[in-house]
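One structure below.
So that you can tell them apart, the chains are marked A, B, C, D and E in the order they are listed, and the count of residues begins at 1 in each.
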Amino acid sequence: MTHAAATVDQMRPPYPAERGLDVYNTKLGMWVFLASEVMFFAALIGTYIILRFGAPGEWARPGIVLNIKITAFNTFLLICSSVSMVKAYAAIQDGDPKKMRFWLLLTILGGATFVGIQIYEYIHLIEHGFVPSGVREGSELAELVAKGTLPAATMGLYGSTFFTMTGFHGFHVTCGVISMTYLYLTKALPGKYTKQSYGGIETVGLYWHFVDLVWIILFTIVYLI
Amino acid sequence: METAHKRPNYILIWVYLAVLTAAELGLAFELPISRNWKLILLLFLAVWKAALVGLFFMHLKFERWNLRIMAVIPLPLAVIFILAGMSEHIW
Amino acid sequence: MSWWLPLKGSTFAGEIDGLFIAILVITGIAFVIVEAGLIWFVVRYRARPGRKAFYTHGSTRAEVIWTAIPAVTMVALGLVSNHYWVQIKGRNSIPPNAYPIGIHAKQFEWQVTYPGPDGKLGTADDFTVRNQLHVPAGRPIVLALSSEDVIHSFFVPQFRVRQDVVPGMDIKAWFQATVPGTYELGCSQLCGLGHYRMRAQVFVHTPEEYDAWMKRAAQGEASE
Amino acid sequence: MTTVAATAQVAHGHHDDRPFIRKYIFSTDHKIIGIQFLFVSLFFLLVGGLLAMQMRWQLGFPGKPMPGGGILPETMAPGGVILPEYYIQLVTMHGTFMVFFAIMPLLVGVYANFLIPLKIGTHDMAFPRINMWSFWSAFAAGLVMLASLFVPEGAARAGWTMYAPLSARHDYSGAELGQELWSISIVLLGLSSILGSLNYITTVINNRAPGMTWFRMPLSVWALFITAILGILALPVLSGAAIMLLFDQILGTHFFDPPAGGQALLWQQWGHHMFVSGMNPTLGSSFMVSTLVIAVPSAVKTFNWMGTMWRGNLRFTVPMLNAVAFVAMFVIGGLSGIYMAATPVDMFIHDTYFIVAHLHYVLFGGSLFALFGAIPFWFPKMFGRLMSEPWGKIHFWLTFVFYNCTFFPMHILGMAGHMRRIYDPTQYDFLKPYQPMNEFISISAFLLFATQIIFFVNFWWSLKKGKPAGLNPWQDNGLEWTLPSPAPHGNWERVPTVYRGPYEFSSPQVPEDYLPQTRKLPGDREPAAVSAAH
Amino acid sequence: MKFTGTKPAMPKIDMSEEPKCKAKYTAAPPTEETVVVNPNGTLANVFVYVKSGLPASYKAPAPSGPVTLDQDGCRYHPHAFGIMVGQNLQIKNSDGILHNIKAKGTKNRPFNISQPTTMTSTRTFSAPEVMVPLECNVHGWMHAWLGVLPHAFYGVSGADGSFSITGLPPGTYTVEAWHEKYGTQTATVTVSGSETKTADFTFAGK
């Protein structure tokens, strides 16, 4: 099957595959894992939608509690890291491990910065009084609630859903950064990835793009709507 | 057996994504249209962006049909799940 | 000790029992056929030396038959159940003239709010009694159920009525008691350590008795 | 054709020189992991049973000091008298241990791990190390759950279904740490099951032996494969819910907290049988249809099992006896399920002992009888020896009798309106006449529990002293019976080639009444992959 | 502990669901105990304690004897009382029917235990807190109030409206009187040597 196509098809280069689906185990396993991840985030997003629909009153308007500008930058950063990841993948397919290492390192840096900015955002929010249980008493935001700028009835749900959704996404990004760093140190630097063997890069790439994809959805529904 | 694929221009996809993100921001905060329209347009843009990532960065566009099915199976389930939850509150 | 269902104390008890008996007959027949068949096969086809089992790849016709029969039975049962279900719990099933009683459940008591002499809830003459539900027989009663804390469930076996009481939701349920007497109301959803004691007395009065009780109770002498 | 390099890793065969700890403790061998699951879940089966015995004591003899109950601390049973708060812990933990730590791992953890690679003909799971992690996170989950019984305020106490907000707020349940440990344990277990399912799916799709086409795959593997697919889609949702519950408990979020706008019913979104929970009545009707739809395939399955027995040649070994009992009991559980599918009847019997009876006919009858058949059946392949047949038969008959004495009368209690999860039925006047029946059930339950000692003794005795089993003691067709007993590490030196489906019994092609999947008869074609590769 | 103004009528408790408890009230039907005015016009169940004035170094060991709270006739006896940090509280069920005791303290770890039959349970409190509400969820009318203090200088007004606090070292103290309905009042008392000082509080009914 592959003999003729392999030389031409840039997107399906020959790779030692398994009998069943003609895909190697790790890649298939990652797709199965991503299927479960889709359901996990569907549960979180579904809960958010149910609670927001059934909430006893208006939801806080976007931009009052959350800092949109810095998160927009963060979104852009994640998109950049996604493209650098796919560049790393393309580089190793072309048999250029040096270029691959460069792009992979860039991806790790992008991801780490994303996490850093998110931590900064959390600290900032908590200082202003936005916490998972809602609004902390006596804080800056509590005054806004008292003035009626923020709806008192739904802030508890807002805090619960915001921190759970973004927190779990941040956790996924962190896991991605850790595993990419691990692969960078143990596989990429010693030169174990070659034109014929790059499964780790492709698999971790799939995960990384998925995390980016989830953020695209989360950014829209949490920060913009 | 199947058609040969050429590698897509990843930088172009990246530009698309960046522009769409900017469009989202402008739509959400600058455009004077009703909330419902905003909601629909924003969701549309988000799905568009997600599709770009899925199809090109994750190569779904170029995979075999059986792997593509694997990736697509949970999506309708997730949507049904969310809709079922919403229907509880609309009656 | 009775081996059968409890007394039929409400209007739809008969319908529910009828459905129960219908299912009992259907499942009884199925049970006898299957278990007798099993025993027959076990005896008839036990291993005997020198005999080989029959080699078969199955029969499509048999498969179609034994899929179709349960399917048709189930659909019929579903249609009948749904018919009654709509009458009992359907959105528009509550009779318009139903007499309102408020039930507020909390760990671990039932607070029953009566409409007072004017027959309307939410007016000044309402009064609340702990753990005592008095209802007139022969008149539809609509319960307005609410919960203070966790999920409870309103259950009177003789009325065949059960309705979960969910915090944060206003739920309505109706029934019409038929037989005057004293019954028990229990909580049938685990609600904490006193769940088993979340019990109230249910008094079904004749309409005259009920009016007399209402008069006394409205003056603060609710106790029986 | 692309290369098959990745599967061609050389099996170690018989000479396995790994140190003990890698071989039996942190093993990546799917068979060892299956056996580890077997031991751990049998232990939890015992724990769950012990908890049930205490419940049955209280129900049969309310308020009387339990024999031996004096060893329990004052917070559970002062003077041996079970406290209501301890009783609801028993209810909760019995359900939790039995469903999540005994039956699920026994059915899936043990047999998916042990059987999938053996039955489809591969050396191990697709991801042996993930498989090991799957076991150890399940083990950790079990330990956390067990530990929760011993924390100061006691274990979780909101029923194994953990309905919020009772489970979400400490002031409602009266337990703090116990509830939190429950959630943590369930999240860990969810993770374990996701990792397991991931492995099963990948292995079944990718690593079948040459000639093992989808339609030649044994039904047991099919069932485990479908279970894994359902698991990979449903478990993340359940884990997500458990995490939200945990956050409500420790972070003060409000997912299930109605006063703050949370939704109590959010927890139940995924449950069936919630017709009376105050939801949309039309939704109730659609749920009813879906429940009724389950009845049809169940009936078809039953008829198929009977059709299999029809004109067969049944050898009444212990596995066969249990298998037949399984069908008989599954029928009762299935038929009693129909009462629940009819919504108006369900309204009456919901949350009564009728449901308890149904659940136990499905879970005990439908699972444990299958397991009491499966354990002796694959015991030889696990340990190289056969379990004792005479003791197996004694165990079977006693279990069969006491099981029915325990659970059948519960239908009658349910019809009387006996609520579930109540500590003392004599509090209700209408239940007082049923106390003799409760006593009868309790005594039967004690005897049922005592009978299981026979099983455990037989199990341990046979490990050391059982009759050595040959290659294929049951004359079955599956690939695993071509291996020595016990199966060696790495299973096959070279994976076998499959020529036919797994259920060719009494085939006219051979004189024997079984025909192994790997036996090549004249006229059998070589599978394409094999002919190409070699 | 004087009481002025109109004496509020206490609602009767309907104990018909617990015949065992109902039988214990043969003379008069039981009433709630939110405000108990004695025949001599004084107010009972007022908790009085030394709020401040003790030297910072003052430390009192918890007495070995327990404080007993009895549940009899589906009511708590006593209705308001004090206990020292670390001292045993013996909770006794004399009714032989299910009671549960829910302590809803904020500084002390809340607890919720049940007593299905005649039995005694023991609990201690780890931090000073005035007052810890106790309630029974099976019998919604059952309430008791518990003051947890680091010293022994507290008392409760009884059937004659009086209370006594003994053994105070010389000094100037702020004494607070607490009532579940009428709130708190404070008085300053100076004690020098072994003398007896009187502090009067007056609560006005509304």
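Side notes on the structure shown:
The rule is simple: contacts are C-beta pairs under 8 Å (C-beta built on N, C-alpha and C of every residue); 3 or more make two chains touch, one makes a residue touch a chain.
Owing to the predicted nature of the structure, the values given are computational and were not obtained by experimental measurement.
Counting steps between touching chains, the shortest path from subunit A to subunit C takes 2. Most remote from subunit A, judged by the distance between CA-atom centroids, is E. Among the other chains, the CA centroid farthest from that of subunit D is the one of E. Taking C-E and A-B together, the pair of chains sharing more C-beta contacts is A-B. Centrality by Cα centroid goes to chain D.
Subunit A and subunit B have centres, each the mean of its CA atoms, that are 15 Å apart. In this assembly, the C-alpha centroid of subunit D lies 53 Å from the C-alpha centroid of subunit E.
For the pair subunit A and subunit D, the distance between mean C-alpha positions equals 35 Å.
If each chain is reduced to the centroid of its CA atoms, subunit B and subunit C end up 47 Å from each other. In subunit C, the residues that reach two or more other chains under the touch definition are 107, 192-194, 197, 199.
Each of the following residues of subunit E touches two or more other chains: 98, 100, 112, 114. In subunit B, the residues touching two or more other chains are 73-74, 77, 81, 85, 88.
Each chain pair that touches appears in this list: A-B, A-D, B-D, C-D, C-E, D-E. Here subunit B touches subunit A in the complex through residues 1-2, 4-7, 10-11, 13-14, 17-18, 21, 24-25, 27-29, 38-39, 42-43, 45-46, 49-50, 53-54, 56-59, 62-64, 66-67, 70-71, 73-75, 77-78, 81-82, 85-86, 88-90, going by the rule given at the top.
Listed in rising order, the residues of subunit C touching subunit D in the complex are 1-6, 12, 15-16, 19-20, 23, 26-27, 30-31, 34-35, 37-38, 41-42, 45-48, 51-56, 58, 62-63, 66-67, 70-71, 74-75, 77-78, 80-82, 84-86, 88-91, 107, 145, 149-151, 153, 155, 157, 160-169, 171, 183-184, 186-197, 199.
Residue ranges on subunit E touching subunit C, taken from their complex, read 12, 14, 16-17, 98, 100, 112, 114, 137-138, 140. Looking at the complex, you find that subunit B touches subunit D at residues 73-74, 77, 81, 84-85, 87-88, 91.
Remark: subunit E residues 98, 100, 102, 104, 110-117, 119, 121 touch subunit D in the complex.
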